[in-house]
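I'd like to ask you about the structure that follows.
All chains are identified by letter, namely A, B, C and D, in their written order; residue positions are counted from 1 within each chain.
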Amino acid sequence: MDKKQIKEVIAKRVAKEFSDGDVVNLGIGLPTKVANYIADDIKVILQSENGFIGLGQAPEKGKEDKDLTNAGAQPVTIKKGGAFFDSAESFAIIRGGHVDATVLGALQVDEDGNLANWMIPGKMVPGMGGAMDLVVGAKKVIIAMVHTQKGRPKILKKCQLPLTAKNQVDMIITEMGVIKVTDKGLVLTELGPEVTVEDVKSSTEAELIIADDLKKMDV
Amino acid sequence: MDKKQIKEVIAKRVAKEFSDGDVVNLGIGLPTKVANYIADDIKVILQSENGFIGLGQAPEKGKEDKDLTNAGAQPVTIKKGGAFFDSAESFAIIRGGHVDATVLGALQVDEDGNLANWMIPGKMVPGMGGAMDLVVGAKKVIIAMVHTQKGRPKILKKCQLPLTAKNQVDMIITEMGVIKVTDKGLVLTELGPEVTVEDVKSSTEAELIIADDLKKMDV
Amino acid sequence: MDKFIKLDEAVDQIKDGMTVMIGGFLGCGNPHKIIDKLVDKGVKDLTIIANDTSFVDYGLGKLVANKQVKKVITSHIGTNKETGRQMNEKETEVILVPQGTLAEQIRAAGAGLGGILTPTGVGTIVEEGKEKIEIEGKEYLLELPLSADVALIKGSKVDNFGNVYYEKSTRNFNTIMATAAETVIVEAEEIVDEINPNNVMTPNIFIDYIVGGEK
Amino acid sequence: MDKFIKLDEAVDQIKDGMTVMIGGFLGCGNPHKIIDKLVDKGVKDLTIIANDTSFVDYGLGKLVANKQVKKVITSHIGTNKETGRQMNEKETEVILVPQGTLAEQIRAAGAGLGGILTPTGVGTIVEEGKEKIEIEGKEYLLELPLSADVALIKGSKVDNFGNVYYEKSTRNFNTIMATAAETVIVEAEEIVDEINPNNVMTPNIFIDYIVGGEK
């Protein structure tokens, strides 16, 4: 798979985690692509942390509205039934547990469900934006990312970079598989296309428990 | 003066404390009457703690709106330029210091500016409603009350009833005079109609400092 | 996801012993139909969280009068003599909370806050049993979040998605209560096709069930 | 009380060294005209409180690019490389705050709260120097109120009384900032006679000055 295919595979699999009526916040980048794969027979409400629910697709060219952007400053639309609010309410929704799932990328994630995705000291310090609140507040935290960074594992025994949040990640979805964060450790529950369990293990620094009923990733 | 006249005198004097543009919350009972005496050349915005600014007069008979009441459940109107909000915002306005003055009655008030106006243990326990927030949050707390209760002083050395708030009262306006709460104690700055300084002193348990420039109450 | 249910079904959500928030201010903005049906059904031992207990014969105060309430957390009971009587005779437990504190406690629960610091109540009996924290020389009480099993709210207009709009002074506690309960039921005065997204006061994600709207 | 002032007069309220809140989210809902005038005037040593520093050439980020900012309290600087450069070279102090915490800190200042307890940031560098309080076995950070000398906000519609209405996603931090500063100036996109009192998003009592509205 090339990089583009990898991202599509991940996005496709993430989309299967949602149920009808779920309120979901998608991070910028790869997570945003998940919206394209949500099944037609369920209704998922996308929350945009800059202040609305009912986040829709990009507008047609020429129909952009300067007053309607997503959290990445891109022009977007709002779906019928959506609602706008201010930042205090937006984060009351997020922190208060009213978001069923959030999908975010990661620099590093570890065996304890710790997540580092907001800074590389001395190098990249964009700020945490809404990520820290999302990871603490959402009922389910899904990390959607390419399994390794230039061949180096990102799923570690212990995160080395400054954390975004402690013990909050519920599952990790990469092109190599689906990994659940449990009390016993990381459990590989689904195996990605074109890889073996050994491939996943060798690309993962953390200890991996292989689920008894390991399945093929459904993408 | 009869009881009705006494209340009118107090209300009239309280109204003089406001400046153009002031946001004011008037308690139930005597304080409500203050609205009738606000000078025509200033604009005072009345806040209603159940959720709006721009509190207007009672509607004409037959024009009552079940959806528009004041904090005493009486039908009221809203003035042009008013705005509705919820209870969290209403008390953000009150607690946050955005109300310039509040006018409330008292059971007891003392030399330290302590106020008791919400309960008589075992006898009358209606609840504090919004009073505790108003007294703590408003920039200026004006107590408007008849000077004594059945001949017994209500302005005491120390409140005996459970407090509404500590050290928050700024001034006391009764039919006998205007009393300011200062670091040095209670200062009588204006003398009510038909009374002498000795009359006020004998109706007041607290120590009264008589202002050098004691004036006649302007009502 | 169809959120529309019948009044009966709405009331069936409320079981004996539950904690129930009820929006409104002295009856204004109370979900009157749901309250009346609750009185009919006689659900009991309720803990009610509400601004006030309205009146003996108007609004949620009927639940008190009908002895369905075990405990009330509220800022004011002065307009309902029955609440006072039950409190004095220890039939009903009454916890009195300053109105602004009550609003913030409910909001805190909905917003995922562990608590808030308020100057309200410092130096009064309200501070009893509470942690006092000094910030820059000023004392504050640490007030904890307040949540419920069910919130019963009243919307002037509710759209097909469950977005809610409140007319005039009916908004009061309805908005914040909608954020702080496991199950939220809105009694709609009117059902509309859609509310302008700018003007939605309670976003549909907070609403589980809608009753009413018979035109 | 006429609240209408000219753009020049508005900018005159802002002096060197002041703390200024600016509403908006990556430029959306920024008071662009006031910002541009501030850049022209060159007021300096500002402490800016804002969700982000937008872009080098769009929104409040221009103030950073023009080196008028001494300190920024914000949740995100990633879209403005100049902020990052100034931070790395210690020209500008940057305090990074989680977005929801920033919103609550501003709201707390406006609402007279001494602080709020949030779970956000526990176990991260955000907790450094902050008090941790455990409530029912869960840890929270005590976050303190954040206020400013001046708040510059942007309203889509402002009425003659100073009531403000925001279109779509421009609302963001504008509402809460309007409550948390000594002086609040709204840049109006459009002046209207009156906004329906139900739909007012920032009540006029928070607004000191209105600029703009040229149709």
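Here is the rule we use: a contact is a pair of C-beta atoms (placed from the backbone, for glycine too) under 8 Å apart; a residue touches a chain by one contact, two chains touch by 3 or more.
Owing to the predicted nature of the structure, the values given are computational and were not obtained by experimental measurement.
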Which of B-D and B-C has more C-beta contact pairs: B-C
Cα-centroid distance, chain B relative to chain C, in whole angstrom: 29
Chain centre separation (chain B, chain D; CA means) in Å: 35
Where chain C and chain D are represented by their mean Cα positions, the distance between them in whole Å: 32
Where chain A and chain B are represented by their mean Cα positions, the distance between them in whole Å: 55
Numbers and ranges of chain D residues touching at least 2 other chains: 104, 107, 111-113, 118-119, 166-168, 197-198
In chain A, residues with contacts to at least two other chains: 52, 78, 84-85, 91, 94-95, 136-137
Touching chain combinations (by label order): A-C, A-D, B-C, B-D, C-D
Residue ranges of chain C touching chain D (in the complex, touch as defined): 104, 108, 111-119, 133, 135, 138, 140, 142, 144, 165-168, 197-199
Chain A contact footprint on chain D (complex, rising order): 25-29, 51-52, 74-79, 84, 87-88, 96, 98-104, 106-107, 118-126, 156, 166-176, 201
Chain C-touching residues of chain B, taken from the complex the two chains share: 48-52, 65-73, 78, 84-88, 90-91, 94-95, 114, 122, 125-133, 136-137, 162-167
Touching residues on chain D, where the partner in the complex is chain B: 1, 107, 109-113, 159-161, 163, 179, 194-195, 197-198, 200, 203-206
Residues on chain B engaged by chain D in the complex (per definition of touch): 20-21, 23, 43, 45, 47, 52-54, 78, 80-85, 91-98, 136-137
